[in-house]
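Two complexes come next, and they have one chain in common, chain A, joined by chain B in the first and chain C in the second.
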Partner chain A sequence: MTLERSVADAPLLSTAQVVARGRVRRTARRRWVIAVLAALIVLGYIVSLLVGQTFYSPAEVIGVILGQDVPGASFTVGRLRLPRATLAVLAGLCFGMGGVTFQTMLRNPLASPDIIGISSGASAAAAFAIVTLSISGTAVSVLAIGAGLGVALLIYALSFKSGVLGTRLILIGIGIAAMLDSLTAYVLSRAAMWDLQEATRWLTGNLNGVSWAQTVPVLIALVVLAPVLLGQSRNLSMSQLGDDTASALGVRVERSRLILIIAAVGLIAFATAAAGPIAFVAFLAGPIAARIVGPGVSLLVPAALVGALLVLVGDFLGQFAFGTRMPVGVITGVLGAPYLIYLIIRTNRAGGSL
Partner chain B sequence: MTTPTTLNPAASSVAIVRRPKRLRSLWLLVSLAVLAGLMLASVMIGSREVSWAEIMAALGGSIDGFGPAAVATRIPRTLLAVVAGAALALSGAVMQGVTRNPLADPGILGVNVGASLAVVCGMAYFGLTSASEMIWVAIVGAGATAVFVYTIGSLGRGGSTPLKLALAGAATSAALASFVTAVVLPRNDIAEGVRSWQIGGVGGATLESIRVVAPFLLVGLIVSLLSARSLNSLALGDDLAAGLGERVAIARAAAAIGAVVLCGAITAVAGPIGFVGLVVPHACRLIVGVDHRWLLPFSAVLGAALLTGADVLGRIVARPSEIDVGIITALIGAPFFIYIVRRRKVREL
Partner chain C sequence: MTLIHTLAVENLTLGYGDRTVIEGLDLVVPAGRITAIVGANACGKSTLLRSMSRLLVPRAGQVLLDGKQVHRMPAKELARTLGLLPQSPIAPEGITVADLVGRGRNPHQRMFSRWSAEDDEAVAAALDATDTASLADRSVDELSGGQRQRVWIAMALAQQTDLLLLDEPTTFLDVSHQVEVLDLLTDLNHSRGTTIVMVLHDLNLAARYADHLIALADGRVHAVGAPHEVLTEETVQAVFGLSSRVLLDPTSGRPMMLPIGRHNVSVPV
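Entry: the complex of A and B
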């Protein structure tokens, strides 16, 4: 469509020039989108630091960030709002990037980690560690990432039958997810006291009462794993052409797929261990980013930014928009549901990828 | 029955579809016996063992002492497990027939969560507490979800492939589940009721709740069993079924209503229990073949046996407490689901 229009605009250009111009335009658009999204995230981050039950002036907040002792603000902003907003951004980045990796790799927007069982694995392990084994901190993250990876590799192994196929992998993932969700429900039902707020963390994702201890591992995971994914982004876009074409173009398909899976699962598992499986963020970030950015460019960074924005805004709405404090996962779940259903209908009609 | 099949290829294919009648009757008897054994085990086994004498005393109406009292609470539980297993397996078998899709199951189609959402909304906004009102609400929720998931799962090329149906079901379940949380969370007053219902399983059964749900199950049972013949025609494809004189749309709708009533009513009293409807019909097809007139009753019996067995197992492994049947069936069912997916050719997915 874009191509046709530009041909009509400039009939004298050669095909190569048209393609080159298209690429320049798409790259420019992607840059713009990234800049705007980043600006929105910064804005949202600042707002969620300043605004709350009590409003603090920017000077006070900056004072807290610089380590000064500001009465009141030191606790509210330094201990409550700052780690919470930071984790919202970090978890959103992780979910967005991990989700879009799976969606692109499996060539199906519905095949996001929260549907094919990877978030369920991390979440079940984290719930088990915290509720049953009563451990906390980094050990939980380690267990969650172990379980997430284990589940991903199990799904991968089970769907291996003379090569892994997207469809089989998705279906097996759904089966595993059902099993793991019932395990999470079991663990929660065993808990001495049914604390609904705490339970929702492991069912839908919740940022209430997070501290730096939970935030730092996510930051480390992001710093380590995001570059790995970005380094693979070329192979990732090739894999959209199908395994045969991709390997003809020189991609070592199985190897690159394994790297992508491990890195993406790592991101998802660390974020899940800290904030729970925030519903639909991994799922929605990719398709929304694809809509904004347009076709033909890597979606990893835009999707990560969209994810961060979703979590940040969802958490802010959940805290203050309703009478009760809603966990962020409920907000993203309810807001995401209509889009999800629209997406299913569109995908089934067109049978296409992102 | 042992026709010289090597001479006549047509006869051999008939023999595959129609297992010998005597063999099928034998299997039915065996599974009935297994069911009876499991029911007995379900009454006897628990955190406290009971003796024959105590069971007899309890059946005679006495509740003196721990033994008979334990039996008195285990009897409704056993009954509900039998009824629920039969209803869910039957409903799964009918759904697989109606959709001609091997992965159709109340759990996979998201019907359980639909019923949950309807019940939770009923509790939160309309103050429903009585079991009979909840059954109606659950059936409506289950039906709406089933129609919705099936519709979006069958859009596009190729109709409802297993992949599209399973994805639509999983995605819809996830969406509805967050609505359930959004409804429950602000309402501390109903949270306890919802929680006990959601993980209730068959443990909290009373004779009263079984009595309330019985008429619905009876209707669902009759409708489902009556649709066996038309399901056989539908299995040949819509065109051929119409050619055989079947009114396809009506037959399909009737069978689907039967299935939805069964699983909606059971979800209302026992909470969401997954995978029974998926596993049992597949196992039964291996034993009695694909004729729905045999498959449906056989699924009901085997489903009852599976759920009763799962309930007993849940009480044995986690003594002195117990594991909810829904968790046991998920642990049994998910590997089976994976097995079915792996066995099929890629094109069929």
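Entry: the complex of A and C
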């Protein structure tokens, strides 16, 4: 009966209805994915607040959030877990959104800011500022952004040859990333007394000992820059068709690219200044989001949510899943490295895109 | 589409880096007609087309659409009048046909505006016109070369422009698909009065389908006019450095060119 009806209905659909149906299907799937990811993040955030060396009840945690003085919980939850879980979510959102912006704009998943040296630049600058110059606060973020933009500009200038970007840009970026990473290692080795936790922050990313002072700037960056990226969302989707087609369809390609680069580097740099270059989150979030939501829709929000979930879960696993406490970057790095190898193999076979 | 738009090029000089590709070029695109630009490799055909659609800023001179400089017009306003299909456009991985064609609606949409029923209608009309409606939900990756080219043309149609520029729309297609694409463009020209400008490699197909031919050589216009005025043995010699015979095509009454190489030529020229 149902089958007969659907066969009978089929020819009645006009082309416009077919077009509308496909569009509704795509956006509905994206909305579902966003809802589920958001729910998982909320769940992970709650668990991160409740569970640890000591378990606190939801009532105690809510009490702390409302500003009451709960013995034990006020310090552990209020000073340690709350800023840490909050920064995990915020930094993940920044890395995910910044990463997928680069990957989409340059039409290559390998063009992620943590592969092509932008995160390394921000990290080297932050490490230099904090460890060598003993600066703290917003000045560190400003330096990190300056370095991130500087690296982005350098890679762009070195790889820009009569308008052709692509593999060249990625290879140059990988080279620059290696140089900057050794610079970070040098800065850390020259510091008179540096503890291991601080070192791993600038090498792979770490959320240990995070305070509100580090978290708030990331929140501000996200509130300011995420809407800028979302405003460019359609131009970003158009840029997937190539510069010529996008331009022919009314996109001011150069201007749009400049806005996208500045906003994405800003997000990456602020998050890096607070949590270090958490390994491979920017790189993984976009492709994972693309697999879940399917083609043809904006990945900015889904990738941001995937990034937040990766950092949140990675940090939780790093703290409690193994005998010793591991920095979040080690966990995400273990996840990301095999995927990087897979992508390089796949890219050699057929041109890669998201 | 009752508006007749004029597209003209005045004293245009174009180049990349140190290299000048087009120098001091003047031409007028006849409105409502099909124009084909022909010429040897690297003579500046694609460069000219890119500049006409604002992709390349002129070193000197100007491109005028209805008397206004295209390089000074707002991007979306221009894109509502003038469409361009580049030589090798890129389809995002996994994108469906209807979604790709829908991208052609960009110049008609505002930054945060929602997709309208009008957009759906325009996409549907473009799919119907190019006979790709049955492919609407298919992934572009799965299509054959001919189908894919029709889908790209559908995207340009969804843009609903009165002028359409195409850079070698028949490249990589076999001969039947080349004819199919050119027939489709001619249908558009006849039914909607769309002004079509295309770069074509195949001189015989250019002479068959275009009302107006522009032969470029060394960045200058060598000959311009109706096919029988442009496609002559002298022009082929001057533009391509090739000996040829030009005969009357018995099926169309238009000129056709037979190249003469060094081998297998039995009749003395």
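Structural remarks
Assume the second predicted complex is superposed on the first by the 333 of 354 C-alpha atoms of A that agree within 3 Å, B and C clash if a C-alpha of one lies under 4 Å from a C-alpha of the other, contacts with A are read in each partner's own complex, and residues count from 1 in each chain.
What we mean here is this: a residue touches a chain if its C-beta (ideal position, glycine included) is under 8 Å from a C-beta of that chain, and two chains touch if they have at least 3 such contacts.
These figures come from a predicted structure and were not determined experimentally.
Residue contacts after overlaying the shared chain place A:178 against chain B, while chain C stays out of touching range. Contacts of A:248 after superposition on the shared chain: chain C is touched, whereas chain B is not. Contacts of A:73 after superposition on the shared chain: neither chain B nor chain C is touched.
Of the two partner chains, chain B is the only one that A:334 touches; chain C does not reach it. Residue contacts after overlaying the shared chain place A:114 against chain B, while chain C stays out of touching range.
Touching chain C in their complex are the following residues of chain A: 14-16, 18-20, 22-23, 26, 107, 162, 231, 234, 237-238, 240-245, 247-252, 294-296, 353-354.
Contact residues on chain C toward chain A in their complex (touch as defined above): 16-17, 50, 53-55, 75-80, 83-86, 89-96, 98-99, 102-104, 106-107, 109, 111-112, 115, 117, 120-121, 123-125, 127-128, 133, 136-137, 139, 159.
The residues of chain A lying in touch with chain B in their complex are 108, 110-111, 114-115, 158-159, 161, 165, 167-168, 170-172, 174-179, 181-183, 185-186, 189, 194, 196, 200, 203-204, 279-280, 322-324, 326-327, 329-330, 332-334, 336-337, 340-341, 344-345, 348-351.
On the side of chain B, the complex with chain A involves touching residues 103, 107-108, 152-153, 155-157, 162-164, 166-168, 170-172, 174-179, 181-182, 184-186, 188, 191-192, 195, 198-199, 274-275, 323-324, 326-327, 330-331, 333-335, 337-338, 341-342, 346, 349.
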